[in-house]
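Letters A, B, C and D name the chains as they come in the text, with residue numbers starting at 1 for each one.
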Amino acid sequence: MSEEAKEDAQRIEDLVIANRILAQQGVLDGFGHVSVRSAQNPRHYFMSQSRAPELVSAEDIMEYDEDSQPLDLQGRRQYGERYIHGEILRARPDVNAVIHSHSLSVIPFGISRIALRPICHMAGFLSPSSPVFEIREAEGENNSMLVLKKATGAALATKLGGSPVVLMRGHGNAVVGSTLQIAVFRAIYTEVNARLQSQALTMGEIVYLNEFEAANVDAINQRAIMRPWELWKRKAMGA
Amino acid sequence: MSEEAKEDAQRIEDLVIANRILAQQGVLDGFGHVSVRSAQNPRHYFMSQSRAPELVSAEDIMEYDEDSQPLDLQGRRQYGERYIHGEILRARPDVNAVIHSHSLSVIPFGISRIALRPICHMAGFLSPSSPVFEIREAEGENNSMLVLKKATGAALATKLGGSPVVLMRGHGNAVVGSTLQIAVFRAIYTEVNARLQSQALTMGEIVYLNEFEAANVDAINQRAIMRPWELWKRKAMGA
Amino acid sequence: MSEEAKEDAQRIEDLVIANRILAQQGVLDGFGHVSVRSAQNPRHYFMSQSRAPELVSAEDIMEYDEDSQPLDLQGRRQYGERYIHGEILRARPDVNAVIHSHSLSVIPFGISRIALRPICHMAGFLSPSSPVFEIREAEGENNSMLVLKKATGAALATKLGGSPVVLMRGHGNAVVGSTLQIAVFRAIYTEVNARLQSQALTMGEIVYLNEFEAANVDAINQRAIMRPWELWKRKAMGA
Amino acid sequence: MSEEAKEDAQRIEDLVIANRILAQQGVLDGFGHVSVRSAQNPRHYFMSQSRAPELVSAEDIMEYDEDSQPLDLQGRRQYGERYIHGEILRARPDVNAVIHSHSLSVIPFGISRIALRPICHMAGFLSPSSPVFEIREAEGENNSMLVLKKATGAALATKLGGSPVVLMRGHGNAVVGSTLQIAVFRAIYTEVNARLQSQALTMGEIVYLNEFEAANVDAINQRAIMRPWELWKRKAMGA
């Protein structure tokens, strides 16, 4: 077995764990999905068939090509919004994992004029603020709200730019990372930061992290990533 | 066994599951109730005897006629508010399932002047906004707050009109669907939307779903209904 | 065994269940306490030794006299605030059960100028509004916040008057009922109403229950009391 | 075995329990840490290797010297912010236990201009209000947000002064006590008080505890400390 094949086996194992963690931590409910890039064929990615993330297991994982077409569908249902993953992975070679969620506390930031910004060190990656994708700009007033077309996925990837998070108006968000562990960490603390920021907004002027602080803690947190992952995995997968 | 009899057996099984799901998801507590229309006799419906939804099992289900009278009471206690179900099912032939809940986040919208409106794609069915039933208009100032009379149930059905949800001032709400799965989905996301809308209201101007978006996602969500149902059923009924 | 002795055995069994329910439902944490009047000696009451409510069992229950002195202490620790119970039971012959809690959502109403009022039919008993006990009026500025003296308990009972609930500024509340089941119901829905009222207060003008509505639903709810009790007991005590 | 050695064995056992309690009660997530002073060598302290608090067991506990250097590292990873503990224990001989958390409801008070003050008797120790540590004053604009240097730990200890709690802007807080039980109690009720104060702030003018009340209840609560500890321990460690 090649090194890349071993790496892909590990990524698929972690992909299942990531699905379960995000459900257990309340970031994903019956909807949302997670993908990871293939090490053997970096234009391809792995993702579950259409299934609630808490129920995903290794047999549900399929390989998708660079156009978000499954290599071996076997009659299974697909996530309609797989283009979120395919188009972000195409646009961002630095990214290896993508999470799309309806993480609740984040939604109000997508529909109001207040920007999601980092108020605590766990969310330094949010600096200076997260872009918001308005699907009306891509599809017009009569749109489906969902990323069901490749072109809409490409527009979303353009809005994301070099950021780790893009909000989707009236819908949810997409979070990326160079590893599944980092993407999971960011998805969880994007939700936490949104909850805290919305509470703080009722209390007057806020001191946000400055750009030095945000960059410094983001680097530190990425090195400490296995500490919470070990805990989350234990809680999600059992002992 | 006729096709309709088989269908009714399935509906009763799903009715028990719906009760348990709504309790497990926090939409129902010790109160509230769920009904489903009979396939064999579409003027009739099935509903539990008076029991907390989390404890309902198949033996608790009774058949009610079009006047909300039980066919075979066997000395059991009934839900006093069964007219919610009987009168909505009479007025809405397109509806096969009715849920009455005290879903918490929704209550403030019934007592304030702010309309419950869809802020996220999971709740497109709420568009353009949900009507509010004021029982004082039906029964006067000295009313029981509850739908204990057929005429009050009829007034509630009139206020519901063609909508999927009607709020009941100082009390709760009623949600309908063409299937139990759709009604359950709507009851859960009515609660979610209310929670998010009330949070967003503290953050300035809100972009709501427009009518195209609402209609489009409602159609899409109805086709994806078994994905969350599978998860909710697993969580409510055990593996 | 006399009828009263059988009744007391039942009350003690229900007292243990009430402690566990209130912990399981989040009304009591490590603190707070519950009492029930003795049927055999209506000037006396039963209450646990000093112990977290979730851990109370039948062996912890002691009998207290009308001056809140234990009949058979056996070296056990007592709740310092037992005078809440003794003095309310003395002042209110219609009351047979008293709950003292630090129920979280209620505390802000005790320290602000906004009255706790019924916004939903489950909390009709709160009408027209709940009195607030300010211990500074009873003990002065240099007080202990807690009801550690008989005279302070008597002042609290005076403030309660004929109401079912009295808020205690910066501390918690006391809830009463003619039975343990009714007191438990009221403690749970006092918390729920407070949470919803504080949410509704951010949304503009509120329609509260009028006095007819409040009285009517209170009577109805008292008759339906065993439906949620059955559920809460099952959840708190196991199947 | 000397009395001090027995005492240290007990402290290490309680340190594991404290970690688990704070995780179970939601004060600590994958991050945060707890220390206790050594009885045998009061300049030293005990703390876990770098591990999520919920997973800490006795084998993870290491002894640190007065400069926060481990006596026997055995290749294990350390908490980068151990200087929080070392420097507070050095500055405060009255303190034997230190908790550093990212307790969620407290964070908005560290980044706004509203002081965290005691609104309920469980949090009398917060009187008159909690100081806020701004790391920019110690390290400048280009800082790491975290207490990774001894000098920063010393500056934090100076800001703490004689208080039981110091907020850390955009980061979390540190709570101290003369015992682990007292520090745990304070960490839990600091979170509760913050949640309630932020709710009460939306409801107009607040009556805070005065200084008599705060001091009196703090003394009383410290004597009742084993009642909630017994409960929290049971919930965190199993029966």
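Keep this in mind: a contact is a pair of C-beta atoms (placed from the backbone, for glycine too) under 8 Å apart; a residue touches a chain by one contact, two chains touch by 3 or more.
Quick caveat: nothing in here was measured; it's all calculated off a predicted structure.
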Path length in the contact graph (subunit A to subunit C, fewest steps): 2
CA centroid of subunit C to CA centroid of subunit D, Å: 33
Length of the line joining the C-alpha centres of subunit B and subunit D, rounded to whole Å: 46
Of all residues in subunit A, the ones touching two or more other chains: 202
Chain contact topology (line, ring, star, complete or other): ring
Residue ranges of subunit D touching subunit A (in the complex, touch as defined): 29-31, 50-52, 54-55, 80, 102, 104-105, 107-109, 111-114, 141-146, 169-172, 198, 201-202
Complex contact set, residues of subunit A against subunit D: 118-122, 124, 192, 195-196, 199-200, 202-210, 212-213, 216-217, 220, 224, 227-228, 230-232, 234-235
